[in-house]
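Please find one structure pasted underneath; my questions will follow.
The letters A, B, C and D name the chains in turn, as written, and every chain counts its residues from 1.
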Amino acid sequence: MFTLIPFLINGLTLGLLFALIALGFMLIVGVMEQINLAHGSLFALGAYVAYALLGPPLPLPVGVGEWWAGLPLGLRYVLALVIAPCIVGLLGILIEQGMRRTYGKDPLFGLLLTFGAAMVIEDVIRSVWGTRDYILPTPDAISGGFIALNLIWSTYRFFAAFAAAVFILLTWLLIERTRFGAVIKAGAHDSEMVRALGYDLAKLRIAVFAIGTMLAAAAGVIMAPIWGIRPHMGVDAVIPAFLIIVLGGVGSFWGAVIAGLMVGMVIGLTAAYASEWSLLSMYILLIVVVTFRSRGLFGKKSILEA
Amino acid sequence: MQTPAHAGRLITPAMVGVALVLLTVPLWIAKVGLYQYIGVEILIWAIYALGFNLLLGTAGLPSFGHGAFFGIGAYAFGLTQFHVAANLWVCLLGGILAASLAGALVAGFVARRRGIYFAFLTIAFGQVFWFIAMKARNVTGGEDGLLPIARLPADFGIVSFDLTGNTALYFFVLALFLVTVVALWRLTYSPFGRVLSAIRQSELRAAHLGYQVVLFKMLAFIASAAFAGLAGSLFAMAQGGAFPEVMALHYSGYIVMMVLVGGGLVSFWGPVIGVVVFLLARDLLGAVTLTWMLWFGLLFVAVILFKPEGIAGVFQDLRRRFSRQPAQAQPAARSTP
Amino acid sequence: MSALEARQVHVRFGDRVVLEEMNFSVAPGELHGIMGPNGAGKTTFFNVLTGRVRPSRGQVLVDGKDVTGLPPHRIAALGVARSFQIMTLFDEFSALENVALARPAFRAQALHGHRAAIGDAETDAAALSVLDEVGLGSKAQVLARDLSYGERRALEIAVALAQEPRVLCLDEPTSGLGSDGIARIAEMVRRLKGRLAIVAIEHDMEFLFGLADRISVVHWGQVIARGRPDELKANPWVRRSNLGRFG
Amino acid sequence: MTDRITRRGLVKGGTMLAGAAAGFGTIYGPWKHNRAYAQEGKPIKIGLTCDASGMYGASGRDELRGITMCIDEFNANGGVLGRKIEWITADTETNPATASRVAERFITREDCSILIGAIHSGVANAITQVAEKYGTIYLNSNSSAPTEAGENCSRVKFVWDGNGTNFTMSSVKAAVERVGKKWLLLTNDYVWGHETSDATRKLVEEAGGEIIDNLLIPQNTRDFTSYLLNIQQMAPEVVAPAVGGDDGKILRAQVAELGLDKQAAWVQSQQDWPDVWAAPDSIIGIFGTNWYHKLKLPGVDDFVKRWQARADADAIPVPGNVSYCGYMAMRETLRAIERVGTTNNIAIIKELEQLKIPAADRMQDYDAWMNPDTHHLQQTIYLARRNPNPVDDTDLYEIISASKPEDVVDPEEGKLCKLAPYEQIPTVDG
């Protein structure tokens, strides 16, 4: 018979994945007060780079491609999870270098700059990899399904949700439990304080932007086997990221995580009872929450509004 | 945006010049390798962009979800045609009203917000409307669009113009474009528009001067949504259908892009310049390369980084440079009213 | 009856008490100065008076009418105008436009979208006379951002004056000016004195002691001394704390 | 702009405006676009409205390869009517609004006499509307929504792919009888999905089966886990998904990964080759197609070789049904032009309405013919499943049956389609 528990479990895993997608976006908007509209494209780029590393051998000189392809898939997968974010993070630094010209001006310019960057990245992806889509190969250990509660469950999905939880935890530790975190939290509001603590504000911004974009790429790698890889997959990522941040409240770490879980739950549950509403449910949730709490669940009066 | 010369006039020399040029377009557009339909689309987007700039350039409110109102106008035009009356004026009114109402609804949520947070919420609401348009298949036709929307005749009682041809539609849209230009010029430089501009420059001061800032923002938002609705209605008529894509985040971004590249922040005419450049680039580059967005995106990034005042800003710089010599003979204050 | 009065105003941000039991009044025609060290809560107090900050407790009254918690635009409409320490002008507008926009006559028609705001001779004449009053008559057409610092300070006051207020709140009107500039502003305020109620936060002792009818010394969110300038000079607390160093 | 423009300029502008207003009523109306281009030696121009991005970007590119291959072959043989064939393409973005504009441009600026290409029914509809206005012939090469030749049919449009009903008819009856009566539908929430599912429901019920539920799946669903949980709990015997494009690819991959295709039989409508190719491991159940590159028919091998010889780097190694449909639509139309000896649109339309294509010529098992009342090509429909014994990397299908066109005729199409009379079609001569 129809039981609810599988849908709750599914909602939870989905929620963690959504929170992961929103994580890098949240960091940049929360700390730097910049909306990174390229988040989705960087997410997609992460997935593509991972595909380049895990898919058919690359045309690299003197057998490097073959050597790489000869490594076990599991090892390559772990390495891809490190390399792809690093490459994308470098691009993030490049974007930040452009963005710094807009600091102090209307924050709109930062948003528009990343919008332009998103368009460029998406078209670069399209011209390099073409429009066809790809499936990211995964190691046997985390693919296939297993049986529980008399149902078949996807192993990868649980792996992905676990990885999402790990990334969320690491980000939290970074912000709350390190000196670096304390400084970046101060940096958003008090540049003098940052200097007083002996940090260079410019470098700090680079670091935050790089971490934010690396998280976007990591989310892309993790989501790729579930969503498939295609040029406009970024749009699928940036929109939930947006809604989750608005829902959770700008600048609130746990707000974003809880909003992600809520969205996952709502989608999971509506899928059980009214499948055609499942994507719409997240928008309805947003409208309901914003109606009663216009700054989102955990949003404080932000200096973004000043 | 500084107050330009002729701000106090209803019709300025620039308007007359633009009108004259646009009136001759059907005579030469095919000769320069373009086609009538692109002219129609440029004018429609120009109406949209000018209305949008009331919000962005004058009131300083960066709406990133304005495609919603454009789309709502298009759907409302079609739905009015199917279910209320197949009369052009009724349908246009339907499009404008629906967009204004949606604008009022969103304005209620966003008018208290500023800067990035404002952009944030408008994006979220834009997505909501876009998604509804995609989902409400019974009303909007969903993904496939609302079809077929007829190009209704422009009935003036004694005389009725058939608009099914692109040239006829061009002249009709041109007439509405000119009305929009006059109306928005007047609005921008009216007491209302000046207060909006003041709010952009210092919301704090405006509030302490006794202006109810939220009310003004809401009205600006609604007015701009109304123009988007008008443009959307015309777009539905031009395309013979209403489609959800124009409501998506990308298209909402494009309108910001057009207004900014053209120089909407520094000039009333900036949005029009931006629309012409964007749509022609899409058409001409799009014929040559499938990755035209790459090149336009790079151009856009360059504009943001190096010349946020856009193309109109470049013109203004050039004019200032050329007028420097004579300026010594004249008092410098000539540029302001 | 006081033109503007604050009764037991209490403001706290989170767990920080910014203003405590502030009592304050200014009579029509009176100039009431406020002084005190940075961070004493003076600007917050102005924000309470003009509606920008809602007090946790206490009342604000304009002409005896309770206006506590009203938004800034409502209080402004009741005839309370303020200037800002950090200059807050419409930089892309000319001096004339800055002033014109502040006039109640303009405000009354602010929702008019159908007629031009520019070139209205009556508005221009009225605005010009306000500019003349602060000595900016010749700079009417210059953009606010192109004015000199001193001129911007004068315009800051002109904008408030153009509101035709009954109470004028000046937040450090001489901030950042040299002695010539201070003298010019002082002269300007002297001319205004008596015509309307003025509340002035000021660091410059000479300015305040030369012009004020009464002075309140604010410290730690409380009024620690209040009186006529001559009384205050003798106040032991004020002497001990070496008033001059406040500036 | 300076003050130099004086009142006289204004008056002049006003007069012109009035003149123009009076003018366009008379000169440009009533609307009937009778277009004729100078023909001698001038190339025939064809507009390829193929998606290069969006949901069907990959399929659009594949379609383009088939169409351009056909055009190249004709040009190599001296063109049509002694005239060279030129083509132009622009990305229609799987976006009806874009497609509409592209169609306007191709017709009015590029003077295209024929438009061809579409996968998505919304795109096909938008192009049809524009084409109809100008009388330009439009070949819907690959959109298989039943409405395309049903209520949205048009005198200027010809539909070359089998539609959802054709495919369903070939598979449903057999599946009800041999596999099971408890069916579950998965429906992609747009026209094609709904129509396909409606057709399936009808056929299942006619055959004595039962639909236990119909799950609507929003377009752009990436993650089907919750639906798959639902399916497992409902335990149908047969699952019939009508989920297209990228969504379908992902769905099949997720079903295959979990091995759910072993719990229930998955009966699907047409699978497009580019979709299958992107995820060969995810071929599940049985499904339809109208062509396969390893059909044991004359001409197939040669066709594949010719196609491969000119394929670009991005291409799939072998042609599939999408490329095939594009090629065939183009070929038959160009041949029709050759036969009638003119590029007059009405003449071509009348010729295409009579179209009969021998099986051998079409590289299918049975003869195909154009239904003159719906403009839908009636053709062989194949059922296929994952090939257990592939001879090479590309041999993904095992063809399990071939239905005659007359056995899978869509009964609704003829009732819903009302073609406009010839007189109402503006004439075009390109």
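We adopt the following convention: contacts are C-beta pairs under 8 Å (C-beta built on N, C-alpha and C of every residue); 3 or more make two chains touch, one makes a residue touch a chain.
As the structure is a prediction and not an experimental result, all values here were calculated from the model.
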| item | value |
| --- | --- |
| Intersection of the contact lists for subunit A and subunit D | B |
| Of all other chains, the one whose Cα centre sits farthest from subunit D | C |
| Mean-CA-position distance for subunit D and subunit C (Å) | 72 |
| Whole-Å gap separating subunit B and subunit D, where each centre is the average of the chain's CA atoms | 35 |
| Gap in Å, rounded to a whole number, between the CA centres of subunit C and subunit A | 49 |
| Centre-to-centre distance between subunit B and subunit A (centres being mean Cα positions), rounded to whole Å | 33 |
| Two or more partner chains touched - positions in subunit A | 126, 276, 279-280 |
| Subunit B residues counted as touching two or more neighbouring chains | 135, 290 |
| Residues of subunit D touching at least two other chains | 52-53, 189, 218 |
| Listing of all chain pairs that touch each other, if any do | A-B, A-D, B-C, B-D |
| Residues on subunit A engaged by subunit B in the complex (per definition of touch) | 29, 33-35, 37, 98, 101-102, 105-109, 111-113, 115-120, 122-124, 126-127, 235, 238-239, 242-243, 245-246, 250, 276, 279-280, 283, 286-287, 290-291, 294, 302, 304-306 |
| Subunit D contact footprint on subunit B (complex, rising order) | 11-14, 16-17, 19-20, 23, 30, 33-38, 41, 134-135, 137, 142-145, 147-148, 159, 161-162, 164-168, 171, 175, 239-241, 243, 245-246, 283, 286-287, 290 |
| Touching residues on subunit A, where the partner in the complex is subunit D | 1-3, 6-7, 10-11, 13-14, 126, 130-135, 143-145, 151-154, 156-157, 226-228, 230-233, 236, 267-268, 271-272, 275-276, 278-280 |
| Touch list for subunit D against partner subunit A, complex | 52-54, 57-58, 60-61, 189, 215-218, 220-223, 225-230, 232-234, 246, 249-250, 253-254, 257-260, 263, 274, 277-279, 281-282, 314, 316 |
| Of subunit C, residues touching subunit B in the complex | 50, 52, 71-73, 76-77, 81-82, 84, 88-94, 97, 101-102, 104, 106-107, 109-119, 141-143, 159, 163 |
